[in-house]
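Heads up, the next two complexes both have chain A, just with different partners, chain B and then chain C.
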Partner chain A sequence: MPAPEREMSVALARSAGRRVLWFLFVSSLIVFMIGPIVWLGLRAFSGLWLYPQLLPKQWTVNGWRQVFNDPNLSHSMKLSFEFAPVVTVASAVICLPAAYAFSRYKFPGRRFLLISLFAVNAFPKIGLYISMAGVFYSLNLISTFLGVVIVQLIGTIVFMTWIPAAAFSAIPRSLEEAARDVGAGPLRVFFRVTFPLAAPAIFVAMILSFLASFDEAQGTFLVGVPKYITMPTEMYTLVLNYPEQVAAVFALLLAVPSVLLMALVRKHVMGGKLAEGFQIR
Partner chain B sequence: MVLPPVAVIAVFIGFPIVAAIAYTLGRAGGPNSVVASLGQRQFIVQHGVTLDAYRDILGNKTIHRDLWATVWVTVLATLVVVVVSWAIALYLRFSNTRLARIVSGLSVVPLFIPVVIASYAMLVFYSSDGFMRSVAYHLGWHSFPTLGYTLWCVFLAEVWVNIPFGVLMMSSGLNGVPDNLIEAARDSGAGMPRVVRSILLPMTIIPTVIVGTFTAIYVLGSFTVPYLTGPTAPNLLGPSMTNFFSAFNQPQQAEVLAIVVFVLALGIGAVYVWANVRTGKRSAVAP
Partner chain C sequence: MSDGLGLQIEHVSKDLGGRTIVEDMQLEVKTGELTCLLGPSGCGKTTTLRMIGGFLIPDQGRVLISGNDVTKMSPDKRPTAMVFQNYALWPHMTVFKNVAFGLRLRKLPRQEVSDRVAQVLELVGLTHHVHSYPARISGGEQQRVALARALVLEPKVLLLDEPLSNLDAKLRVRVREDIREIQQRIGITTVFVTHDQDEALSISDRIAVMSGGKVEQYADARSLYREPETTFVASFVGAMNSYEATVVPGGLELPGKLVVPCGDLSATGEGTFEAGVRPEDVHVSLNGDGAPADVVREVPRGHYKEIVLNAGPNEVRAFVSADLPPAEHVRISFTRALLYRDGVLQRSSAPVSV
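So, the complex of A and B:
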């Protein structure tokens, strides 16, 4: 074979080899990423499923009936939907003014405070919750509604300050100044100009906070048990003590709010809002 | 205006951590008095400090194995997350096909799924009657290992949970590298490996370090994933400190473990801050 042709066939073989590798990579990625979720979905409807069959032998909705008839499980659903909105609103009230201040005013210690807010995320969560729980005994916060709200609130502070702060910073000051020039007071400027422009980012922050609270299990488990068992904490018991199918159904139900709400804010999260927040400025 | 969140953090994070340090050193007064009156097997001093609680727990053979398990799973999961996120983000940076969009969609699936469910799904998927073993059986591999309730399952689940953050971070970093830089390098004859090594990698050190440090800290501080998918022992320190706190009623030992994990995380966090300070200006995604 003349040299150039040999080179070409080598190149072809190489690109074919690369294709096979890519095919393997992508297909194992598909199995790895969504396989477990699909498999769990099938479990929720299976009546009889013996190893090593790839599909259930009988289908049923019994698991669903059991979940909705179990008073413990429906109670934990109710609790989850009570905690998440309370935590989200509390977080917004506490953090949004700070987000505005961080983006609009230069004050001494600003950088230090920003970093220390951020440092919350740099603590290993379970260690943090253990330390908090130790002190919560003395503060009478163990097994109280307020205690659980505080634990869940901690996980939302970063979202609620960083994302809105970036949005406030992105609003040109000249817009606010123009409104001032035509006679609007500072409050009017804020509510007619600044707030509407930042509203989408605030909405994203609120959704992420809602989900952070709704899905929080570790801290709630330590501080809320036995009185306040939310849906994700209930999963710990379910996995160990209930039929597999019931756990699967409950897991799917628990995923519904996350899937719906994340789908709403998907564009913002994927667009780099989250990624940008991780740089220290 | 910035006072409320700072106060929340000072009171509910800073203060408990200081109290925890005091408690692990043998001081049971003030905020620790109630927890100390409930706990067992405590090492308390009235004056000065004592390291007995640290000696007690760090001399524990089970804890040694937990500590090693934690370190190994953390290192391995972090490495895999960094490499896979890099590979996916790199592919997405240079490809705009339908396949690329599928890969991009797949890699953020875990964002939509609460960790509790992810852990449970992973457990069922790799269990003795799970998908992997069933498929392997049909392919003729009858002795495919059961990964559920092993550290391998913990490792796989930690990777699964951390992939979206890694891919989003790396994509944002790689998209920040200007096209003309890459084209210029290619025009002068650089192949893809060379472009990655000489241009992309140096310009995305910060996002790479962020992915590494945050994944490592996440794994160190995780409870749900190892608790649901891992073995009884040795498991990661998250479940074992929770056991000491609740099941064994030894809060002092639990808090010692928490401090140990903090110290490990502090080392990792130092890398993050160092990278930010050192290459702040050169990074592609820096402001």
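So, the complex of A and C:
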């Protein structure tokens, strides 16, 4: 074989080898990510399914019937859909002015406060929730609607502050000044110029907050029981006390809003709005 | 009283971040006049403009518009309109809405709003883009939308903050002529900030050259160029040869004991001056009178050429006719020189011919 051809075939073999490795890597990733969901989907419709069998022997919708007929479960769904919007709106009302201040004003401790918002996520939340529960006891907030809202707010603050703050920072100040210049007062400037321009990012932040609240289990469990049991907290009971199919059905139901909402914001998240959230200095 | 004064800046000072940006600034702009604030970056020109527009409040001094004190008024209350360097058009509004925004805030009837918008868009030649979004039109067009948005409110003072710096060179010349033409047509008092001396010289009634937060000289383009009051103005506006020189019989003595014959001198007297000579005031001849000089290089400039000469230890730049034949050794003399002491132009009561 002439030298150049040999070199070429070596290169080809090498690239083929690389491609096989790549294929293996990607397929194992897919199995790793999709596998549990597929299992969950099968489980939700399966009857008896014992270990060595690859697929269930019997198919049934009993799990689904049970979930929708159980008043506890449907009540928890209703509760989840009550808490999430309330928490999202409360979070927006509290955090958006803070986000605006972080982006537009220099004040002492600004950097420290900005970073400290991450502190909540820096250590296991359960510790934070337990101490919060302690405080809530003395404030009579345990097992109250307000108590659950407050505990769920904790998980939304980072999204609701950082993402809109970055969006506000991305709006050139001259756009606001130009509005002042033609006669708009500060409030009007915010609602006619700043807010519409930051709206996509605020929308993303609200969706993420909604999901954070919707999926929050630990704090809600500690503060909410026995009166307020949302879908994620109900999962604890389900896993322990119900047939596996019911838990699978419930898990799928719990995932529906997340999947739908993430699909809705995918464009904005991919478009860099989320990434911008971490560019603020 | 303030008859005929569109804008007065009285002893205004401003510190920002612990630095004095504008210091005891004074400026008067006549109604309908276009004044340029010209200077290098950091000289305080934009800060001054922002104080006129109300985006900054002076630490000291007053700003008056048509004789009314507006020093502490917020931008939305002032009869000023600003064209921003980046145009600051609202990207979520069409051209029409951008221009109409201020009118709508004033709760004018719908019909009047659209009439006035149509009128001003016609003035800037943008009628075909009424319903375009700012991102869909060119930089020059965005610039004119910003101008229309400012003009539609019929402000008493129009403020322009380096409005041409984002345009390419050719467009810049055209748009600045458009701005000048529109400004003259509606006769609006205008303050134009720029660091480009060409821009300033070509459109202004008067130019305030600023440096270090102060006005170095406030004059029309011609006196600014022919009689710069300070060495800063002399070097910032146009090209200038400058030397340590003494006045001697027969001309100026430059370093290296070189005596160059000189026509008009701004002053005379003992001791050393800083002498400034415009390149077009250097007379170059192939033979005859004058100090000897060697040609270092020639730069063709179209209808004239610039030649760089060595006269003893001194570098001399001269603008000469493109017809002057190339030569290695020439004779130079100055037709006019300005003499400065401590950076300030020295004048005798009458120009002295030597």
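Worth pointing out:
Everything below uses one rule, namely that the second predicted complex is superposed on the first by the 251 of 281 C-alpha atoms of A that agree within 3 Å, B and C clash if a C-alpha of one lies under 4 Å from a C-alpha of the other, contacts with A are read in each partner's own complex, and residues count from 1 in each chain.
Operating definition for what follows: contacts are C-beta pairs under 8 Å (C-beta built on N, C-alpha and C of every residue); 3 or more make two chains touch, one makes a residue touch a chain.
Here the structure is a predicted model, which means the values were calculated and not measured.
If you put the two complexes together on chain A, you find that chain B and chain C both fit without a clash. By the touch criterion defined above, A:Ile150 lies against chain B but remains apart from chain C after alignment on the C-alpha atoms of chain A. Of the two partners chain B and chain C, it is B that touches the larger number of chain A residues.
Centres of mass aside, this uses C-alpha centres: at chain A, the angle toward chain B and chain C in the superposed model is 100 degrees, to the nearest 10.
In the superposed model, A:Ile94 lies in contact with chain B only, and not with chain C. Looking at the shared chain after the overlay, A:Ser116 reaches chain B, while chain C stays out of its contact range. In the superposed pair of complexes, A:Ser174 makes contact with chain C only, with no contact to chain B.
Touch criterion met: A:Gln218 reaches chain B, while chain C stays clear of it. Of the two partner chains placed by the overlay, neither chain B nor chain C lies in contact with A:Ser28. With chain A used as the common frame, the shortest Cα distance separating chain B from chain C works out to 21 Å.
Comparing which residues of chain A touch chain B with which touch chain C, the overlap is empty.
Contact residues of chain A toward chain C in the complex are 172, 174-175, 177-185, 188, 192-193, 196-197. Interface of chain A with chain B (complex): residues 25-26, 29-30, 32-37, 39-40, 43, 49-54, 93-95, 97-98, 100-102, 107, 110, 113, 116-117, 119-128, 130-139, 150, 153-154, 157, 160-161, 214-215, 217-218, 221-222, 232, 235-236, 239, 244, 247-248, 251-252, 254-255, 258-259, 262-263, 266, 269-270, 272, 274-276, 278-281.
Chain B meets chain A in the complex at residues 1-6, 8-9, 12-13, 15-17, 19-20, 23, 30-35, 38, 87-88, 99, 102-103, 106-118, 120-125, 128-131, 133-135, 137-138, 156, 160, 163, 165, 168-169, 171-173, 175, 206-207, 210, 213-214, 217-218, 220-224, 227-228, 237-238, 241-242, 245-246, 251, 254-255, 257-259, 261-262, 264-265, 269, 272-273, 276, 280, 285-287.
Taken in their complex, chain C has these residues touching chain A: 53-55, 74-77, 80-82, 84-86, 88-92, 101-102, 105-106, 149-150, 153.
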